[in-house]
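Structures for review follow.
Paired with subunit B in one complex and with subunit C in the other, subunit A is shared by the two complexes that follow.
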Partner chain A sequence: MAPEPGAVPGRRWSGHRGLVLVVIVAAGLWAGFELDLDPRDLLPGEGGWAIARELFAHALSPALDYEDEVPEGTRPLLLKALEAARLTVIFAAAAISLSVVFGVLLGFAASTAWWIGDPAGGHGAGTVARRSVRPLIYGVARVVITLMRSVHELIWAVLLLAAFGLSQLSAVIAIAIPYSGTLAKVFSEMLDEAPRDSALALRAAGASPAQVFLFGLLPRALPDMTAYAFYRFECALRSSAVLGFFGYPTLGYFIAASFENLHYGEVWTYLYTLFVLVALADWWSGALRRRLVG
Partner chain B sequence: MSSHEADPRDAGRRDLEIRRLYRARPRSRFARWSGAALVLLVALAWSSSELRFGDYFSERRMANLERFLGELRPYPLQGKDFDLSVAASWAGEVLRGKGWAAAGVTLAMSVAAIVLAALGALALTLYAARTLASPEPYLPAPRPPSRARLWTWRAVVALSRALLIFVRSIPEYVWAFIFLAVLGPTAWPVVLALAVHNSGILGKLTAEVVENLDPEPLAALRGLGASRMQIAAAGLFPLILPRFLLYFFYRWETCVREATVLGMLGIVSLGYWIVDARARNHYDEMFFFVLIGAGIVLVGDLVSAVAREVIRRAA
Partner chain C sequence: MRSGSASFRLEKACVRYGSEAAVEEVDLEIEPGEVVGFVGPSGAGKTTLLRLLNGTLRPTSGKVLIGGDDLGSLPVRRLREVRSRIGMVHQDLSLIPNLRVLRNVLIGRLGRLSLLGSARLLFFPPRREVRRVHELLERVGIGEKLYERTDRLSGGQRQRVAIARALYQEPAALLPDEPISSLDPARSRDTMRLLIEVCREGGITLCASLHDLAAARDFLPRLVGLRGGRVVFDRPTTELDDDDFHNLYDLAPEEMLNDGP
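Then we have the complex of A and B:
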């Protein structure tokens, strides 16, 4: 159909955008009714008010020492918070290092960019075999990535807990599985979207497929990949803290314990510790991104 | 090949040129120190006494793993040959009893949360984007604004940004834990927790989009005498909508994942039944609920991908 004279280009699609908005509003209303979300329930009951008041009263005065008597020889509160922060960082760093290794391997397998390393032409048996096996690698990698990503790290933690029993290593592996999947997905997209001019030039100059990939393609995607891995480290810190709610001695464990003992000042001490950790990682990954990606 | 290397002086000149280019490559001291620091951090982590691979694959744990894998089979089939009809009727029973309802609740929680998060993010963006949140947005005023107004707006921006950072640094799970204690067991704690955390993330991303907008159309609106809210409604929101919707759907995918998990705190979504089945040692049911959760996540990812493609083509 010829466009009407004077029609604004893209007009037809902006109608679809309106449709997306209508669907979102309708879905929101459906969700509200499905869950019986009653605005009146947003007002806490009497006990709730007491907790909210106490909690907010302590927001600006986090505890610097225990709020109750503690047995002699207990480490000072701030030292305990630091120790919990250390373990939070250790779990996150170990998990992200595993995730980067598996993310790179899987991401490479799930990208099609390295296929161009193959010199044009060539009809030998080896070439044919290689070309028919590539889509298979691609498909398997995609399925594995999707399965890893579709289960949340806390559910992996529950599964590993049931399968292996309590071990600190389970916490690291639980985070590393979905994070490897996410890194692999994003890495593969970055490799596929990286400019291919230098790779094609190397291939024309007679470089081997490995050289084409390592020196032509990878360097173009590497800054983005590094910046994204750093961002995921920040997310891993939060995940690692939350694993504390499942018994691992990271920050979440102490947040839950202090909350249940009504030590709201201590809750804020741990919350602010987590806040500082995440804000530092946020600043670090942001500064690095500006320098790498610009 | 040989013709290129006929003259050794040529080769020498080429080498010099390559060396010069190598030295002139872009380098950042910060990036190198960051890399070194991260490698050190990872080495420290793996050498800490808490993480040991040695006993992870001990005999005791392997026996535990074997028992666990056996118990993943649907109960009526344990110790028997696999029979599809028995498995299907078992699965149907779990689905009718708990599965469908929990799946619906999980999905509804994620949708309600992301809609609220979007509203919160848009509201906060108006005060967090430096270009709009200033005494005289987009056009210089005939009279320079008073120092008091200038500093008031700077304080507003700083406060909004601090709030955005704070709400997104605290994980959804911790927010839900606190809201549950305050509000009691309705669906609100989960919805609010997801909404608060995600409005922090959406708000930060949207503020960046607003600050990077081409200021000319907005300056034109200002020139016509539009107020700050009128600029936002008539110029700003339509301009940021495509980008905003992309982020909206990305974050919704995360919300679906988190909504599954937050049920573990005691609200009857899939996560509730997962920890419930684990507590009763019904690993077959637990595993089945995990699979349903993965299914919902996949459906969510698919819907989001389709929606993002529609938006991208429209943009």
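Then we have the complex of A and C:
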């Protein structure tokens, strides 16, 4: 039925948005009741108050030296914090390097962008074979990525430590597995969303599928991919610090140890070191991003 | 087709998207080195026609011959060879904004290089090639922009980069798609003059699509009028009169909003 001329077209009820909002709010409330969440639980008990007060009292006065007697020849606290920071960076760097390699490979396999290189645009010999192999590669890559991503690095660490013991490699791999998955997922999306005009122009000028992908499409996605890899490096710093809880000499290890010994000043020293580390990484990746994407 | 200039022949070429016909039963002959314009309203099939001529689109029926080669029967390898000799200047330019001008121009040559060869050309361009790119940029008037990042250039300068890239292909034909649609009148004339000059100098066949009728009549010696995917006229510009153009652009109301693909 044609609308009357001059009448403003009626706004059609698009339905979903309001419904989704209601469901989300309802789910939040339901989860809260189910868990019996009570704001009063945030009030600590008797002993808790003392610990909390003391811990936060030290926030403004982090320790510059050990709070207890230490044996002769122990490295000064600040040097120890620096060393822990160095190891935190090294674990993170090793893990992210590994992740970028696998992330790029899997991300490529899980993207559909490289399918456009097909010079005949779907005509010619070999097309049927190509067409059936591609979705297979795509599907397998997607499943692998999801498997890697669905398990957190701490759980991977538990599994790998049980299997291989407290080796450096277990820690690196524990971080690298979920990080490869995340990088691959995001890389594949960046490749698929990159503007395709230059790739298509390259194809129109006779370039081969590999040339179309490498020189027409990849350069469009590369700045974003690089910036994202740097952001993940920053995340890897935190993960690497937390792996200290398993006994690796990264910042987490010393935070946990100092806390157990009630050396709250030292806890803050290590926390601030981690903070500075992450802030530096953030600043670095920001500067890089401005240059690449800018 | 080797180097030199390309001839084109369309025989009852049709392109259909589903039930919609973008180009219908077009017969067309273009001699080597000719300068031709495709004119007509938006959605008339001008871009589709150019895509037939550069071999990215295959006719649903009918034939497209480039330099005597029937595109429909060419193996993929030969098809790529043919394409590498046709310099398309896309309406959206299709440049890579985050690369330097030099690289964007060098990319024009990839169609004739191996994967390794193209990596070498792009990452370690030999002096000779850099000089050649600089010459081409000088020719189109932006020689000093050789090492500039492409996204720092103005729209007009970017278009010059796209033209230089097409010329670096050492093309047998140049196919600019709406080359002046986003330029002011002075720059439009400048660009038309440049396109025709470089093609005449190199003996390159030129087929440009334009919706700006005045520019087309001023610069192009032969015009092919398209409407609804069909050829309405195909004559030397001097033999066309206002009535021809009036008929071409006199749109029925329902055609106004039909922009075509």
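Assume the second predicted complex is superposed on the first by the 266 of 294 C-alpha atoms of A that agree within 3 Å, B and C clash if a C-alpha of one lies under 4 Å from a C-alpha of the other, contacts with A are read in each partner's own complex, and residues count from 1 in each chain.
The working rule: contacts are C-beta pairs under 8 Å (C-beta built on N, C-alpha and C of every residue); 3 or more make two chains touch, one makes a residue touch a chain.
Note that the structure is a prediction, hence the values are computed from the model and not measured.
**Q** Since both structures carry subunit A, what do subunit B and subunit C do when superposed there: clash or fit?
**A** Taken together on subunit A, subunit C would clash with subunit B, as the superposition shows.
**Q** State whether A:Ala163 touches subunit B only (first), subunit C only (second), both chains, or neither.
**A** In the superposed model, A:Ala163 contacts subunit B only, not subunit C.
**Q** Which holds for A:Ala207: it touches subunit B only (first), subunit C only (second), both, or neither?
**A** In the superposition, A:Ala207 contacts subunit C only.
**Q** More residues of subunit A in touch with subunit C or with subunit B?
**A** B
**Q** Just to be sure I read the superposition right, which of the two partners does A:Val278 touch: subunit B = first, subunit C = second, or both, or neither?
**A** It touches subunit B, and subunit C stays clear.
**Q** For A:Leu292, decide between first (touching subunit B), second (touching subunit C), both and neither.
**A** The answer is both, since A:Leu292 touches subunit B and subunit C.
**Q** Who does A:Thr182 touch here: subunit B (first), subunit C (second), both, or neither?
**A** Neither partner.
**Q** Applying the document's definition of touch, where does A:Phe259 land relative to subunit B and subunit C: first, second, both, or neither?
**A** Touch partner of A:Phe259: subunit B, not subunit C.
**Q** Would you mind checking which of 39-47, 75-83, 129-137 or 201-209 on subunit C runs into subunit B after superposing?
**A** 129-137
**Q** Counting contacts the way the document defines them, which residues of subunit A are shared by the two interfaces, the one with subunit B and the one with subunit C?
**A** 292
**Q** Show which residues of subunit C lie in contact with subunit A when the two form their complex.
**A** 54-58, 75-76, 79-88, 90, 92-96, 98-99, 107-108, 110-113, 115, 118-119, 122, 169
**Q** Given the complex with subunit B, which residues does subunit A contribute to the contact?
**A** Touching subunit B from subunit A are residues 10, 13-14, 16-17, 20, 24-25, 27-28, 30-32, 34-38, 41-42, 44-45, 48-49, 51-52, 55, 87, 89-91, 93-94, 96-97, 146-147, 149-152, 154-155, 158-159, 162-165, 167-169, 172, 226, 230, 233, 238-239, 241-242, 245, 252, 255-256, 259, 271, 274-275, 278-279, 282, 284, 287-288, 291-292.
**Q** Any idea which subunit B residues touch subunit A in the complex?
**A** 28, 30-31, 34-35, 38, 41-42, 44-46, 48, 50-53, 55-56, 60-61, 64-65, 68-69, 104-105, 107-109, 111-112, 115, 118, 165-166, 169-171, 173-174, 177-178, 181-184, 186-188, 191, 241-242, 245, 248, 257-258, 260-261, 264, 271, 274-275, 278, 283, 286-287, 290, 293-295, 297-298, 301, 307, 310-311, 313-315
**Q** Given the complex with subunit C, which residues does subunit A contribute to the contact?
**A** 119-121, 123-125, 197-198, 200-208, 210-211, 214-216, 219-220, 222-223, 292-293
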